[in-house]
Amino acid sequence: MTARSLKDKEQRKAWAFVVPALVWTLAFFVTPFLFMVAMSLWTQQGGMIVQSWTLANYLAFFEKSALFKGLVNSLEITAIVTVLSVLLAYPLAWIIAERVPRRFQRLALTLAVLPFWTSYVVRSYSWLLVLSKTGVINQTLMQIGLIGQPLELASNRTATVIGFVHFFVMLLTLTIYANLVQLSPNYRRAAADLGANGLQTFWHVILPLTLPGIMTGAFLTFVLCIGDYVTPQILGGNNELVLPQIIMLQLGRRADFPMAAALSIILMLVITAAYIACARWLKIERA
Amino acid sequence: MTAPVSIINATKTFVGFTALDNVCLDIAAGEFIVLLGPSGCGKTTLLSILGGFLSPTSGRVMIGGKDMTHVAPAKRPTTTMFQDYALFPHMRLKDNVGFGLRMRGVARAARDERAKALLDLVGLKESAEKKPHELSGGQRQRVALARALAVDPDVLLLDEPLGALDLQLRRQMQDELKAIQKRVGTTFVHVTHDQEEAMAIADRIAVMNRGRVEDFGPPAEIYMRPRSLFSAGFLGETNFLPGVVEALDAATAKVVTAIGDLVLPRRNFTAAEPDPGQQVTLCIRPEHFRRAGEAVRPLTPLGQARIADAAFFGTHYRCHLKPAAAGDPAGDLTIMAHMPPSAMVADGQDIVLAVNAEDVVALPTPAGRA
Amino acid sequence: MTRKLLAALASWLYAALLFGFIFLPVVVLVLFSFQDGRLPVPPFNGFSLRWYEAVFADGKLMAALLHSFLVATVSSLVACLFGFLAAYALARYRLPGSALQRGLLIAPMTVSYLIIALGLLTVLNALGVGLSLWTVGIGHVVINLPLCFALIYSSMGAHHVNIERAARDLGAGEVKVMLLVTAPMLLPSLLAAFFLSVTFSWDEFIIAFLLSRFDVTLPVEIWSLLRSGLNPKTNAIGSLVFLVSVSVLMVLELWLFRRTRKS
C-alpha cells in the first residue's frame, strides 16, 4: 500500500464519522432555515401562499406599528432583564465565591440554581401564583392592611421582567461564579502587595478579568430572553406583545407562514447584530 | 524476537522545514540504539517514521529485511513506548498490558497470564489489578514498557521514556531498561536528549543535529573520537582550539595553534584526511590536559596559563585558564581543564599546560568559523 | 473592624434576600400543591394529596410524561452518538474545511428555538409530513447535537492522541480504538453531554409545541392545563417534576462525582 492510498482510506473513514452530524444539521437546520428565508419573501393571500418574490412582509413590519412595536418591546424588556440580571447575580456569585467557605460553595451554588429544575413552563406559572390578584403578595399585603384593593402585579411588563430575571439571575450566578473561582488568588495578593485597596483591586483587576464571563452570560441572557415566548405569554398579558408572541400569533390565528418567517428572520438578524457587537468578548467558537 | 532495521535515505519535510535530511542508519538485530540530540534535531521524527506514525517524504525503512515504509503502525513488528506513557486510564494494569494481545484475538486467560509475566518482569506483579492513576511516574513507565513488550515486538521504539522522571529515578530506570533489553533481546531504539543517559544504556549512539545523523558509533568511540564538531560538543565538554595544518608525513600531521604546535597521528583526523594549510579545529577534552611532567606518556607542552577560577567537583577541579602565549592575537582564548583533586589549585596560579597528542582530535573548521 | 463586620452583614443579607427571591415561586408552587381546596393561593386550607391523585389519574398527563421520557432519551442518544462521531473525526483527522464544519455543527446553538421550530414546521408542512413525536425528536436532536458536539470536542485533549496511537500501535482497528479506548476515556463528558441533552429536551416547550399534534410532551400538556387558570393540579404536576428532577440530579451527582474522583 502506498502512502497516498493509506491517506485516502483515513480520509474516507473520517468523512464517514462526520457525515451523520453534518447531514442532520444540513437537512433539519440549514435547509429549513433557507426555506424559511424563501418563505419570508412570499406572501399569503386568502389562505394560499403566493410564491412570487416580494419584500411585502418586511415592508409591512416597518409600516405596521403593531409589528414594529413588538420588536421595540422585545428589545426593551431584554435590555432591562440583561442589565438587572447581571447587576443582581454578580454580587451573589461574588459572595458565594468569597464569603462562603470553600467546602460549602458547591452546595450554595446548587441551591442557587435549584429552581432550574422546575419545568420551564411551570416556573412562569409559579410566578403567577405569587403575583396574580389573588396571589401570595396581594393576599399578604391585604392581610396586614397595607392595601385595600389588590394590586395589578401580573399581566404586565413588570411581571415578565420578574419572571425573566428570576431565571437569568440563576444562570448568571453560575457563569460568573465559574469565572471568579478560576482567578488565581495571586492576582489579588499581587494587587494588594502593590498597594491597591479592596475596591481598587476589584475595579482594576477582578472586574476586567471576569468581563469575558459576564459578557458570555449576558449574551446568553440576551439570546434566550429575546427569543422566548412562554414567559411573556404567561406573565405579560395582552397589552404589550413581544416579537415571539407576534410570530406565534401569525401562525395561530392567521396561519400566515410567510409573515411569521419574515418576523423570525428579523429576530435572527437582531440576535446576529448582538453577537457581532459583543463577539470580541465571547469565546463560543472555542467552547 | 528481534530484527535488524535499516533506514535508507530517509527525508521528511514539513511545510517550509526539513525535519529529516537524507538519514541513513543500519541497526543490527538486538542492538540498543540511542538517538541523541537537542530538541528539534529530528530524532522524534525519525522514531515516528520507524513506528509508522509518519511517512517519510522520500527514502525507505526496512525492518527484518522487509520494506515497511508505508505499513500502518499496527502491522509493523514494532511497538512504541510513548513519552507520556499513554496508558489507558480506564483499564487495570493487566488490561493495559494485555491490550495488544486482546487485539490479536488472544483469549483472556492466556493474555492475563502473559500480562502477569510481563508485569513481573518490570517488578509490578502485585499491582496487576490497579489502575494507572494509582501509580507513581516510575511505575507508569514500567507498565508502558511491559505493555509495549507484551506483543513480543521485533523492535521497541522508546520516545524519551525517562524524560518525565526526576534525575535519581532516571538513573535507576536506565539501568533497569538496559537489563530488561538484555533479557528480552529485542532491538531497542531509544530517543533522548540526555547524553549521560545515552552513554549509560546505548550499544551505539546516533548523534543527531538539524535533521542529520552527525555521528554513529559506540559511546566510547563517539566520546573519544567524535566525527563532527557538534558531536564533540554535545557529548561532554570540549575545548575547541583553532589551528592550521602545517606539515604532513605518512603517520602524523603538525598543527600550529595559538598556544603551541601539536603533532597528531593522522588517524586523529576523524572526519577527513588533513591537507597542508587547512584550517582545523582541535577538540581537547578538559580531562586530557595535564600539567607538564605529570604523566607517564609523552606530553606536548602548551605553554604557560593562569588559573582564572577553579571549582571543586569531587573527582576533579574544573578550572578556567587564560593561556599566557603571545600567539593569541585576540587574547580571549579560555581553556577549560580538569585538574586532579590532589592538585593544589588556587585562583591566579600559573601552571604549564600539556596534552597527550594521542587524545586530541582534529576536525575541519567549517567555512565562516575560522 | 466595624466596617468589615458591616460588609459581612450586608453581604449575608444580600445573599439571603436573593435566595429568597430565587426560592419564592418554588416554595409557593410546592406548598400549594398540597392545598386542600380549589385555588392554589392563600389562605392555605390544609394538607391534602388529592391533587397528586388527580395527576396520577389523568391519562393524558401520564401519557405526556412517557412521551417526554421517550423523546428525551432517544433524541439525546442520537445527538450524543452523532456528536461523538463528528467530534472524533474533527479532532483526530485533518479534514478539508474543518473550521467550517465545526462552525456549521455549532451554528444551531446561536439560533432561537422558536426559529428552529418554525423552519422545521414550514418544511414539514410543505413536504406534507405529519407532525408526531418523531418530528419533535428531530427538532430536539437539532438543538442538542451542537451541545453534545461542543462538549465532547472540547474534552478530546491532545494528551488522548498518544493513548489512541498506542492502541493503534498495539493492533487495534479504528472501531476498537473508539469503543475500547476513546469512548471510555471520554465517559465523563459523554455522560455529561447525554444528561444535559436529556434535561434540555425534557424541558423544551416551543419545538415540542409547534412540531407535535396528538401525542404531546409534558411541557405542552402542562401548557394546555394553564388554560384553566390557577389550578392546584398544575402545582402538583410541577412539584412532582421538580422533586423527581432534583432526586435524579442528586443521584447522578453522587454517582458521577464518585466516578470522576476515582479515575
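By written order: A, B and C. Residues from 1 in each chain.
Everything below uses one rule, namely that contacts are C-beta pairs under 8 Å (C-beta built on N, C-alpha and C of every residue); 3 or more make two chains touch, one makes a residue touch a chain.
Note that the coordinates shown come from a computational prediction; the quantities given were computed from them, not determined experimentally.
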Query raised in the report: Which chain would you call central, comparing Cα centres to the global Cα centre?
Result: C
Query raised in the report: Of all chains present, which has the mean Cα position farthest from that of subunit B?
Result: A
Query - Chain centre separation (subunit B, subunit C; CA means) in Å - result: 57
Query - Euclidean distance of C-alpha centroids - subunit A vs subunit B, Å - result: 61
**Report entry** Approximate Å spacing (C-alpha centroids) for the pair subunit A, subunit C
**Finding:** 16
Query raised in the report: In subunit A, which residues are in touch with two or more of the other chains?
Result: none
Report summary line: Expected list for subunit B, residues touching two or more other chains, is 72
Requested in this report: Would you tell me which residues of subunit C are touching subunit B in their complex?
Outcome: 159, 162-163, 165-173, 176, 180-181, 184-185, 187, 263
Report summary line: Within their complex, subunit C touches subunit A through residues 8, 11-12, 14-15, 18-19, 21-26, 28-29, 32, 39-43, 81-83, 85-86, 88-90, 92-93, 95, 101-116, 118-123, 125-126, 138-139, 141-142, 145, 149-150, 154, 174, 203-206, 210, 218-219, 222-223, 226, 230, 234-235, 237-238, 241-242, 245-246, 249, 253
Report task. Would you mind writing out the residues of subunit A in touch with subunit C in their complex? Result -> 10-11, 13-15, 17-18, 20-22, 24-26, 28-33, 35-36, 39, 88, 91-92, 95-96, 99, 110-112, 114-115, 117-123, 125-130, 132, 134-136, 139-140, 143, 166, 169-170, 223-224, 226-230, 234, 244, 247-248, 251, 257, 260-261, 264, 267-268, 271, 275, 284-287
Query - Complex contact set, residues of subunit B against subunit C - result: 51-53, 72-74, 78-80, 82-84, 86-91, 99-100, 103-104, 131, 133, 147-148, 151
